[in-house]
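Have a look at the structure that comes next, please.
First chain written, first letter: the chains are A, B, C, D and E, and each begins at residue 1.
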Amino acid sequence: MTQPSPMIEVTNLDKYYGTFHALKNIDLTVHQGEKVVICGPSGSGKSTLIRCFNGLEWHNSGRLVIDGIEVYKDAKEIRELRQEVGMVFQQFNLFPHLTVLENLMIGPMKVRKITKTQAEETARNYLDRVHIPEQADKYPAQLSGGQQQRVAIARSLCMETRIMLFDEPTSALDPEMINEVLDVMVELADTGMTMVVVTHEMGFARKVADTMVFMEAGQIVEISPPEQFFTNPSSERCRLFLNQILEH
Amino acid sequence: MQEFLRKIRWPDYVIVAVLITFFGYIWLSIEGTLNYKWRWELIPSYIVGWHSGREEYFANLLLQGLAATVRISIYSGILALILGTILGIARCSANLTIRMLARTYLEFLRNVPPVVVVFIFFFFLSQQLIDALNLERWARGIARQENNQIWTFFFGEMRRFPSLVSGVIVLALFESAFVGEIVRAGIQSIPKGQREAARSIGMSRMQELRYVVLPQAMKKVVPPLANQFISLIKDSSILSLISVQELTYKTVELVASSRMIFEAWITTAAFYFVVCFGLSRIFARLEKRSEKR
Amino acid sequence: QSATQELSSESVIETIKQDGVIRIGLSLFVPWSMRDKNGDLIGFELDVGRKLAEDMGVEVEFVPTAWDGIIPALVSGNFDVIISGMSVTAQRNLTINFTDPYAYSGLAILANKELTAGMAREDLNSSDVTFAARRGATPATVIAKAFPEANLLLFDEDGASTQEVLNGNAHATMASQPTPNREAGRNPETLVVLEGELFDPRGEAFGMRKGDPDAMNFFNNWIAQNWRSGWLEERHNYWFATEEWADQVAQ
Amino acid sequence: MTDLGISRGKGQSLPKPPFYKRFFGSVFVSVAIYAIIVGLIAYGSYVGAQGMGYNWQWYRVPQFLYRNTEIGFEWGEIPIGLVATIKLSVISFLLATAIGLLVALLRLSGLVIGTAVAVGFLELIRNIPLLVLLYLFYYVLGPIFGFDRYTASILTLAVFHSALISEILRAGINAVPTGQWEAAKSIGMTPYQTYRYIILPQSVRFMLPPMTGEVVHLIKSSAIVSVIAVAELTTFGRNIISDTYMSFEIWFTIALVYLVVTLILSIGVSYLEKKYAVDQ
Amino acid sequence: MTQPSPMIEVTNLDKYYGTFHALKNIDLTVHQGEKVVICGPSGSGKSTLIRCFNGLEWHNSGRLVIDGIEVYKDAKEIRELRQEVGMVFQQFNLFPHLTVLENLMIGPMKVRKITKTQAEETARNYLDRVHIPEQADKYPAQLSGGQQQRVAIARSLCMETRIMLFDEPTSALDPEMINEVLDVMVELADTGMTMVVVTHEMGFARKVADTMVFMEAGQIVEISPPEQFFTNPSSERCRLFLNQILEH
């Protein structure tokens, strides 16, 4: 694998919630076009880490460089950063008072200040990409979970971001709907988007991941390519975790 | 301090300026245009005074009123709790008749102004009740006795006992509606799963209520009940309209006798504030502590 | 049992004798009744009530009641009789009975000393003079009738009109005695009560529930006696004309 | 596989619920019993009061609702009082909303002194009885600022309810899930844009029902200004009573008028609540 | 397979929620000691069906005979029925204000009216059986999800029921905890308890089920032994569903 320019560089990052040490000395580099899958037990800090990547949480020390720009706590800078970094949440977080189309258009129109027609064109384009062009005029509450999550992905894509973060995008879904979302994510991966995904869907990880990251108790315990990660993880804790997950 | 000053931003200064202007204006108009003669020095003697006849310290009007307010609040709080719990359970009853009766009572109380409710209850219910029980004679009998300190401690001046009783009844009936709603909300906030679990180990409806629902509901109900108790203390001031001798009424009397309008009302407001605010702090702290546990 | 016997056994006099106590309803109004520095009730009514009870040979119990609830409270039996400086009006009389008056008080003029220096009562009827009064109250109508030439400022409060006179914004106000006397006593350097006959004097009487001739007879006779003996007048003078009691109260 | 007939051998079919249970359980019977009980209570108190010598004079009540004089039709004191009450409430409510918005914004502003002042104001208002507040405004602040009883009542009601309204507004804003803030942030919106396009449109839904409830509350608390004789429904009621001494009839009529008005509004509230719950 | 006496017999059962036809013409027999696993898509009526079995819901027509007693809507009789039929819920539904031990003891003491010492003995016995004897004095909130669900199972067992119903007992659990609950259920199955389990854990189903039931849209689409069910289901819909579930 050649190594293009790094999109996310984390060095020595620490993060506290009050006195609770949530992230301990994290080092991680994500290159352009790379797909990173993060897994680990509940409470290990996976969400906290990727929320740092688009400034929803602030690190207390260490360096975090996104696309060549170091992230500080500055309202204006961080807003620009967020336009480069899309995020898909476990709970979808669609805007319930707007239709699907409006959900997709509001970001480009209000933040990027593009015209309504242009925004609508982009929105319909991405709705196609997530395979639900026919739902454009419904409200989020009228959609199934899987459809909602695909809208959420499209909403991020509409901002034409260069990096996409996913925080357990399928764990709030019924088993039957997990696939349709994962399929969209696989397609997205094929376009060459830089992706950081927190998930326990190991089938998906096997298919798309360039790098697997295993976290525990706020630390990164293992970073390795998927072949090695699934067959021969270097840490005992990671092996146990995989067994638990894959058994049933 | 440095830290604090650093956090202050320009709108803060605007606010401070507005406040200073406001209070400055009040001060100026009292001192300047109104010619009002402050007599704050008299207020303490109306809280605890030196009785010129009996040659001893005694609780004067304001403190008497405060004591009466506290008594009334406690007694009607207890009564309202009992009535309200019954009402709340009735609201969740399986029987439609009981539910509708409870609902009627409640809607009446919640949709009619407290002032109107107080007058209606006073003239219709409590006076009749007092007459029927012959409370007046009984209370007077006690007031004439030599050793009535215990009675006086719990109920104040025994000759005014009937007025205390009607105050307590009126207030309790009025507040029971709100307590009832709190209890009902508490019962209904228990997840359906709890009832189902209770039922699926074979409990009867009573057992379900007694061992599963009520114990959990009680815990949820305590904080809103505490708040309701504070409301009750405040609502008790309305009883002054039916001449129950509590703090607000005593203040009216004091103002009528001494014309210390400003001082008396400010003092009374401060009394209510201290009692209610103090209680709300205490309740908040207790709640926090029980949460920790 | 004959009808008359029945009637008299239902009289409030009977219950007073039975209970050994007479319950008197009153509402605080200086100097009819008020709280002294000890928080005890004093005033003209209290003297009247105590003497009445003493003459009946029973205890006395005063029931302080808000003024606008005093008649309903009497009707519903909270106390036996109202002795609270209540003046006799036709409206009230439709609902309760009144005895013969036991006191007479009327309106007096309270004037600013400086502004009215050297003026007689008649001089006030001029367009240079400004009166202050409470909107909708008797004094306002009486002023308008007695001093048609003068200006009249209307306020919402009794206190407000006194304050206006005190501040020199109005020459005079009118209020029922003894308020003017007391105000003048409190501010002797600025205020004065104009000499002369009281305006519109009305009688104040005991109020009773309807349909009780026995009590009516008893109270009327008691009032007549004490009127003749001069006791009522003496007490009335003490409370209304003198300031001897002033240091008992924070005025 | 199984013979259903045999299974009866072990367990007899259970009886249906007994007749009395089904009888008392039915809606019609329940409503009938309810009506009977309410009727008995009403009749009992009527006869009871009569027995105590109270002289019911319901026939005298209609003249206070409307009159047909020579001049023509004329509204009585009670409808006039009701209009006054509503006017008083509406003015107070508008003022209360304005003050409440100011206080809520101060609290959410993050300003050090601003927040402290807002909290101080809320605690002060919340811990003083409305009646005492009214006396304070009328007797203490009235002479200072020179306002009359009507202004004093409006200010009292507005200030008292502004504390409650500011809490409603604040709760409405806080009721929008944090996920919405985060989603808006993560597509790069500014705080102002987030409020404008995401938070406020959603929080209106949370605020509308309690705000309507607050109107009902305000109408009820407006009755207290009768204490300082401001012309409104309760004051007129008390005036009528002091003229006619028909306390029972008039109080019931007044209560009924309030009940009708507030019930209509309450039904409106629950309609709003349902409507917005469905949209959700 | 010999056929012992039937414990649950459902004939022609229909159930409506208002106008919504939730269960349509259900026929099912569960014999003593039999393990039945019910699966099917969300909303297909699985929960509704087993909730009928212990009277948490009422059928509108048809016959339901539990252990030889026909079920009607009568409060007293149904209470006796419930003492025979235990139920374990997806959300555990432990009583949060009671300790684990009290949770186990309250049913036997208040419903079966046995003495405290006896109840405690039974309770401790079953706590052993679910492998958490050391948690007796904690409150439910202090336990992990897996532990809570095991307590819930023990609570049902303490009533010495003859039939146990499970409604998706593992679907609210973190992946790591699913196993510990399933293990307990397997052990329970080995004791010969009659069990009806709604679950999507097909590994478990393969291990213990005597009969597989597939529901869709309020109807039973397929009843067959597991060998046939997993290899060669007769209905197309069922095959699709299995594919969906087993894919990832």
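Keep this in mind: contacts are C-beta pairs under 8 Å (C-beta built on N, C-alpha and C of every residue); 3 or more make two chains touch, one makes a residue touch a chain.
Here is each chain with its UniProt name: A, E = Amino acid ABC transporter ATP-binding protein (PAAT family); B = Amino acid ABC transporter membrane protein 2 (PAAT family); D = Amino acid ABC transporter membrane protein 1 (PAAT family).
Source: prediction; values computed, not measured.
Student: Over the chains that touch one another, what is the least number of steps taking chain B to chain E?
Tutor: The fewest steps needed to get from chain B to chain E is 1.
Student: Ranking chain pairs by contacts, what comes out on top?
Tutor: Chains B-D share more contact pairs than any other pair.
Student: Which one chain sits nearest the middle, judging by mean Cα positions?
Tutor: D
Student: As a quick test, compute the distance in whole Å between the mean CA positions of chain A and chain C.
Tutor: Measuring from centre to centre gives 84 Å for this pair.
Student: For chain B and chain C, let me know how many angstrom lie between their CA-based centres, rounded off.
Tutor: Centre-to-centre distance between chain B and chain C: 35 Å.
Student: Please compute the C-alpha centroid of chain A, do the same for chain D, then give the distance between them in whole Å.
Tutor: Here chain A and chain D have centroids separated by 47 Å.
Student: Approximately how many whole Å separate the CA-defined centres of chain C and chain D?
Tutor: The answer is 41 Å.
Student: Could you tell me which residues belong to chain C and also touch two or more other chains?
Tutor: 72, 159, 163
Student: Which residues belonging to chain D are in contact with no fewer than two other chains?
Tutor: Correct list: 143, 247.
Student: Give me the residues of chain B that touch two or more other chains.
Tutor: Residues 34, 123, 240-241, 261.
Student: Okay, in this complex, where on chain A does chain D touch?
Tutor: That would be residues 54-56, 79-80, 82-83, 85-87, 89, 91, 93-97, 106-107, 110-111, 141, 152, 155-156, 159 of chain A.
Student: In the complex, go through chain B and note every residue touching chain D.
Tutor: Those in contact with chain D are residues 4, 7-9, 11-12, 15-16, 19, 26, 29-30, 34, 95-97, 100-101, 104, 107-108, 111-117, 119-120, 123-124, 128, 230, 233-238, 240-241, 248, 251, 255, 261-262, 265-266, 268-269, 272-273, 276-277, 280.
Student: Residues of chain D touching chain C in their complex?
Tutor: 143, 148-149, 238, 241-243, 245, 247
Student: Give the list of chain B residues in touch with chain E in this complex.
Tutor: Residue list for chain B touching chain E: 191, 193-194, 196-205, 207, 211-212, 215-216, 219.
Student: Would you tell me which residues of chain D are touching chain A in their complex?
Tutor: Residue positions touching the partner: 177, 179-180, 182-190, 193, 197-198, 201-202, 205, 279-280.
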